[in-house]
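What follows are several structures.
What follows is subunit A paired twice: with subunit B in the first complex and subunit C in the second.
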Partner chain A sequence: LRTPTRQTKRVKVLDSIIEEMKKAKITPAPKTPKAPKTPKVSKTPKVPKTPTNSSASFRKKLMEGTITPSMQIRNVPVLNAATPLNMARTKLHVSYVPKALPCREKEFDDIISFVEGKLLDGCGGCIYISGVPGTGKTATVTEVIKNLQSKADDCEIPEFDYVSINGMRLSEPRQSYVEILKQLDGQIVVWEQAQKMLDNRFTKKQGKKKQKPVVLLVDELDILCTKRQDVVYNLLDWPTKATAQLIVLTIANTMDLPERLLMGRVTSRLGLTRLTFQAYTHKQLQEIVTKRLTGTNAFNPDAIQLAARKVASVSGDARRALDICRRAAEIAEADNNAELVSMGHVNEALNSMITQPKVRAIKVSSRLEQLILQSVVAEVERTGVDETTFADVYTMFLSVAGIDGFRKVSITIALAAVARLGACRLLLTEQKSVDLNQKLILNVSSDDIYYALRKD
Partner chain B sequence: MDSSGFLKVKNDIKNKLLQQGPLEHCESERKQVFNLLQRTIEDGESNSALLIGPRGSGKTTLVNDALEELCSDKNFASKAVLVHLHGLIHTDDRLALIAATKQMNLDNAVDGKVFGSFAENLAFLLACLRTGNKKTSKSVLFIIEDFDLFCSHHNQTLLYNLFDISQSAQAPICVLGITCRLDVIELLEKRVKSRFSHRQYFLYAGGENAEVDGLNLRMEKIRNLLTINNNKSNIVNNWNKSVSKLCSDKKFRTLNQRLMDIDLNERTLKNVLLTLVSKLKEKSLELKIEDFETELNEFEADEVIEQLHDLSVLELCLLISMKHHIQIYDNQPMNFEMVYTRFVKFANASSHIQNVQRPVVMKAFEHIKHMELIQNITGGSGRLQKEYQMFKLLVTSDQIMESVKGWQGLPTEVSQWAISSLI
Partner chain C sequence: PKKLFESETIYQSARKALHSTVPVQMPGRENEHKQLRDFIKCHLMNKTSGTLYVSGPPGTGKTASLSTILQQPDIITEFKEVYVNCTAIKSSGSIYLRIIQELGIKSSSRTEKDSVAAIENYLSTNHKMILLVLDEIDQLESKKQSVLYTIFEWPSRKNSKIILIGIANALDLTDRILPRLQARCELKPQLMHFAPYSKQQIVEIFTDRLRSAGVLDLFVPVAVQMLAGKVAAISGDVRKALDIGRRVIEIAEKHKKEESDKKVDLKHVMGVLNSVYGTSNNLNEDNDDSFPLQQKIIVCTLLLILKKARNKDITVGKLHEVYKKVCGVRNLSGVDQAEFVGLCSLIETKGIIRVSGKKEPRLHKINLEWDEEEVAAALKDKQLMATILQDSSVLGKM
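Moving on, here comes the complex of A and B:
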């Protein structure tokens, strides 16, 4: 019975001591809790310091702008094109953007009146531009901006800042904040900070001076859509604020992207100002190519028409038409230095660029591979199911080979042949298991195989 | 005949077989690729192209050959930068970007170390290429091997950017992709596909004339591969004579036809010839048709049957009972118990194998499993006991019969049981 009392006594004594100590400690100014010292990391202390030897200093220099991106320069500049065909080739390159875009006058007017109106009204807004690749979306918008900038120089409309980002040029959607800030202020910071700074700029009232309006072009919008869609939301939310005059032009391929991919609140902010770029018709394609070639008479007009009609029937992609014409010019150049690009040259270019290599590949493969393809076809026709297993195909192969008079090969050799066919994707094979039970699917139509292997 | 001379000749032939020979079957493709690269370098034109062909058809050789000729120009280094990327090494865009930055020797690469994060590197590379222009900046040649693997990268960011640069007024670049997949264009996303210029060059193993004149071309190839020209000693003359004699032989042609029927790839032929040359003895420096024939037979041999010869009789008996099972039940999966019951029936009736304990049979069964002659199909879940796990046989009945036939000293009972399934 004595022990507990003794213990309580002891505890009491201890308590009082602690109390006293506390009092004594409190009487001086309470110490701020010290943050645990971060151990100084001296990564490579012994390496002699060269100015760019550490990541930090490099980053600092890049952000300050001491390191500017540059390309190596060649000793002798490239000479200008001499022959007419050569000149035609240069003008037909997709990178050569003409002064005025033919066949996009209406869209041009739509966009310029939209942006101009917003600039003159002093308010922000959004527009969504869609269309399949190669229909001149980005080219038209950059054209509009160029036009507006020259107007702003003449003081017809208020001055504005132009920022353009491309979803595919960013490693992740949030990097768009960094890119926008870089183009606005020229400084590079991490994305969290960039977002804060942009938020401040667009949503808070700026004290003294009025900010210039900003025109923001967002290319490849669908890439910026993540699961949370925070980036798209921010980009489309800023224009709605009264404090910032932000005009956002968004470009993507699919017409129904806002409804299909974006959340309700984002779609609502995107608004209903939309513009669709139709695929080029063959007449328009012909006009585009002809306009580029003004001044050179290297092309037969019929040849251009042929290329235009072929491309328009497939995709209406202007890039494709230009590439085909350029290839035709190359072929003509190789062809005894012909002066004029004829229908024949365009036809050859079309054949080489819109090509189906599979029939040719079947024709030139070895006899064993051809027999295996034949037995896969036979097996598919026998069972009526597209998917077959190697064991079944091999049994079928034995009989097909017997009919053809081909000495049978072992399973090892047959498996190797199947692997070769799988590597060039004439057959779809299972990557995981390479044995009797692996599944095989034909990747060409059986008609192609019949056509390639028929004996004349 | 002295041994040093012999060794030298042998080495010469081996070296000739091992190094890449001159390109013969794809002159027109080589010219096209060469012109494409040259136009990029000389005229500052941006281009993109794909080189497609089955494995071993000389795609890399062709590009290297064209590049070698371009590099022999002494002003090459002042006009162009080469960037080699490989889909198996640069497994994501980050690694590929670091490699490209290094090889282009941009300002953020110091002594082969690249600074900055992936986003910074991408922005920097694009900014660099944007500052360049057609007239004054160096051309960049991107040679991308195993191009199809780059198509599986996230968003195809790198491909999009490379193709985009090749289609806009920036530094002149040429993107040359090398791949063995015929359907590689279908892997590209639609906007990447639109930016690709759709130039494709196809290479085939046999070349253009393979259908018409394949065998003669092949014989010519073998003659070229084996003949030694640089050295005119007695041994060499004898060797060359024996080679031309061999090539004109009718049987040799038939054997080669068979090899070509199986595989047109030149690499296979070289492998066969290399083993033959390595086996040459000093006494008879001559390739014999019989040797070639044995080599071919070995090449054609079934690996599984050879593997079966290493089994014990007990294991073979187990395989035979499995074979009976799949014959009766038409390839249905089975487990150890079923096989064991079938085996015990035979073992009781046979005079040779009678008192084999169950654990021993189990052990033999495990051994067969480890040799991957059977495959577990119940999935890796360890809940089922070993005896009841279902599996499939990975050997055909024909292969088992073949190995039973070729088995030295197999008890007659077993071979009879293999033929009939009565017991």
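Moving on, here comes the complex of A and C:
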């Protein structure tokens, strides 16, 4: 009997609450007085464009190619003091492009006659240029293009468009289509669309207007090789179409890249026109440095010869030779009373560039670490196998330490020392298991360890 | 002032004639041409579907023969022609969208499944004969080959009138990756192989092209014979033959100022052939000392280890140790390990050695790719090599 009454009561209470709520809703709640406005109103005049809007339109403009990205400019250009050493330094910088490239005349002639012939014939073609780094491949090709452009201006050869892509500058091989289209037409689209547009341009017959021939330079070709090799295939297939007049110059380091990496059908399209840039000999390196330094007499000729011979015996890389000479000039500059870069300076530069940091690292490591290195060597000699485990090294370490009168250290401390040696790459350690079964391999030759530890 | 374009030299017109684009006529491929044409004509007459798989090594004229046939008016008009180069599509699944576009089917399909359904729907309705040519069809390989199976099953669908032609390099592509097609006779594609060009055919191609340009007498017949024989013996790839032909003309043009004789003769051809097919001898033809000394010593050390040591698997670390000793004997300062790894990769670019391995540079394996005579010819330093190879004491316990 009681429960229903309660329920009805409850219902009544609820109803009244709802009523009240309805009333409250209808009547507007009294507004809380607003806080006095903070001086948020900017005193500085606002930038005309709001940031979100501007970035969208900015991007659109950038994609269409109507605006070009610019860089901040210094207010005052950097003055370079005109001491002979300073001048020599600027001229020896790798980025300084000399007027003519010495020692590459034959290659220059080969490439220019190839491209010129293709332009005059009105057909496409490919050439593959290879050579170790720093032998002047890209420099020669860009020089050829510059030469051809000036010839085209004089109407000696037909006008052409020049496009250059670099495999290393692309996030993905297929981005090369985007880059090529950007340089041809100035617009940025996604790669599928770019490929379709290029495909149309190169394979379909153009009706009225005749397209200009295109010279395409592909640097670092080996980066563009994927498993499917579709990018390389397309780049090399377009020149074989009669409608496209595309001349492709490909550059890579490996001499036998086509045979080693590319598919048969890609190699067949690449053709047999190949050119190899040999490493510079010491005479050529000497000539390169001397040609750059004409007008300044800051270098002793013998000093140049020393640098050239050293570099030619190792790699024949011109960048290396220039770097060493520049470093030598810096050393000479630091040496106050030196007017001339001498053999001594070059030698110092060579020593600082071709150093043996590992021997020094062994010399300055702690006594415990040295003992561990010694015991690893001893263990390798005992077993005759390169790979050792930490447990064996530790037992060997105990006896080596005993002979030396060094106090026995615990395994934990020894492990910590091994980890330090692993971190500075004197030892190769396993990262997975840090315990007694950890495998250790020496990362320096045992002779280096003997040499470093015997001296003192 | 466009003065020089009118007067074409004889060399230039010859070079143009040998340009390796799709030609109008294809001498040496008459049989295949006829076979292809018969296949298409036969299916056209009977209004039936058919599948053809064309295979052959690169440069044997597969695509060229087909495209010459496709240009003939009696075939163009009868067919709705779809030519897709499968390297130009994004992935194997997107081929359907491409076909839809080419056929002009109106569909709002987004997914792959929808596109297949749209195409199959189109095939079941009454339509014009379709000639679907898929070039480089091996690019369509997918995990279960579902794309290839779907496409190859279209001709056997009811009411479909489609002629499917697949082109690829592998002779046994359909047997290897599409074995299930063998189970049903109507699905089995007809096979057609383009054999590499023989010597006689290459000679024919050359004479034909040169004659049509009117410069047949530029080449001495023996020179053409020589070139064709060599190319046919090695690959039978006509792109290579034409390439060499153009190179020969270029070289002859360069030399013509010195010589009064304007013809391309055997000497020029031999020169180009040797530089192309001679192996390592062309590595450094003119200057002797372009191979840096340290690299020479590394290669010689490798040879020494391979010849004298018991343990033949060589890592960078081991080679470096022996190399240091060799340098010590010869009173040279050797490079350290970091530099040494760089030098190894420089030698690798010449193709003499192969460095393999992933993690630690010291543990990379080194394999010699050339034999001793080739290395000796490339180094051109018999004395150094002999003295290093004699000295087996540096090997130590190896």
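Note that the second predicted complex is superposed on the first by the 392 of 456 C-alpha atoms of A that agree within 3 Å, B and C clash if a C-alpha of one lies under 4 Å from a C-alpha of the other, contacts with A are read in each partner's own complex, and residues count from 1 in each chain.
The rule is simple: a contact is a pair of C-beta atoms (placed from the backbone, for glycine too) under 8 Å apart; a residue touches a chain by one contact, two chains touch by 3 or more.
What you see is a predicted model; the values in this text were computed from it and never measured.
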Review point. Is this a clash or a fit when subunit B and subunit C both end up on subunit A?
Key: fit
Practice item. For A:443, decide between first (touching subunit B), second (touching subunit C), both and neither. Key: both
Exercise for review: Using the touch definition from the top, say if A:171 reaches subunit B (first), subunit C (second), both or neither.
Suggested key: first
Exercise for review: Mind working out whether A:375 is in touch with subunit B, subunit C, both or neither, as first, second, both or neither?
Suggested key: neither
Check your understanding: Now for A:264: first (subunit B), second (subunit C), both, or neither, which partner does it touch?
Key -> second
Check your understanding: For A:279, is the partner it touches subunit B (first), subunit C (second), both, or none of the two (neither)?
Key -> second
Exercise for review: Have a look at where A:358 lands relative to subunit B and subunit C in the superposition and call it first, second, both or neither.
Suggested key: both
Practice item. Could you look at A:253 and tell me whether it touches subunit B, subunit C, both or neither (first, second, both, neither)? Key: both
Review point. Which touches a greater number of subunit A residues, subunit B or subunit C?
Key: B
Practice item. Quick one: classify A:220 as touching subunit B (first), subunit C (second), both or neither. Key: first
**Study point:** Partner chain in contact with A:77 - subunit B first, subunit C second, else both or neither
**Key:** first
Review point. Tell me, in angstrom, the smallest C-alpha to C-alpha distance between subunit B and subunit C in the overlaid model?
Key: 5
Exercise for review: Go through subunit A and flag every residue that touches subunit B in one model and subunit C in the other.
Suggested key: 132-133, 253, 315, 354-355, 357-358, 443
Review point. Which residues of subunit C touch subunit A in the complex?
Key: 1-2, 4-5, 12, 15-16, 19-22, 57-59, 85, 87-88, 90, 136, 139, 169, 237, 239-240, 243-244, 247, 250, 254, 276, 282-284, 287, 289-295, 317, 320-321, 324-325, 335-337, 339, 342-343, 346, 348-351, 360, 362-363, 397
Check your understanding: Which of the residues in subunit A come into contact with subunit C in the complex?
Key -> 113-114, 117, 120-123, 130, 132-133, 155-156, 158, 192, 195, 199, 228, 230, 233-234, 237, 240-242, 253-256, 260, 264-265, 267-269, 271-273, 276, 278-282, 312-316, 354-358, 384, 386, 428, 441-447
**Study point:** subunit B residues within the subunit A interface of the complex
**Key:** 35, 42-46, 52, 54-55, 75, 78-79, 81, 93, 104-108, 110, 115-116, 118-120, 122-124, 126-132, 134-139, 155, 157, 160-161, 164, 167-171, 180-183, 190-191, 193-195, 197-200, 202, 204-206, 210-211, 258, 260-265, 300-305, 331, 372, 375, 392, 394-396, 399
Point to revise | Partner subunit B, residues of subunit A touching it in the complex | key: 50, 52-53, 55, 58-59, 62, 67-78, 81, 86, 89-90, 93-97, 132-134, 168-172, 175, 178-179, 182, 188, 220, 223, 253, 315, 317, 319-320, 323, 327, 330, 334, 352-355, 357-358, 360-361, 363-368, 391, 394, 406-407, 409-413, 416-417, 420, 423-426, 433, 435-437, 443
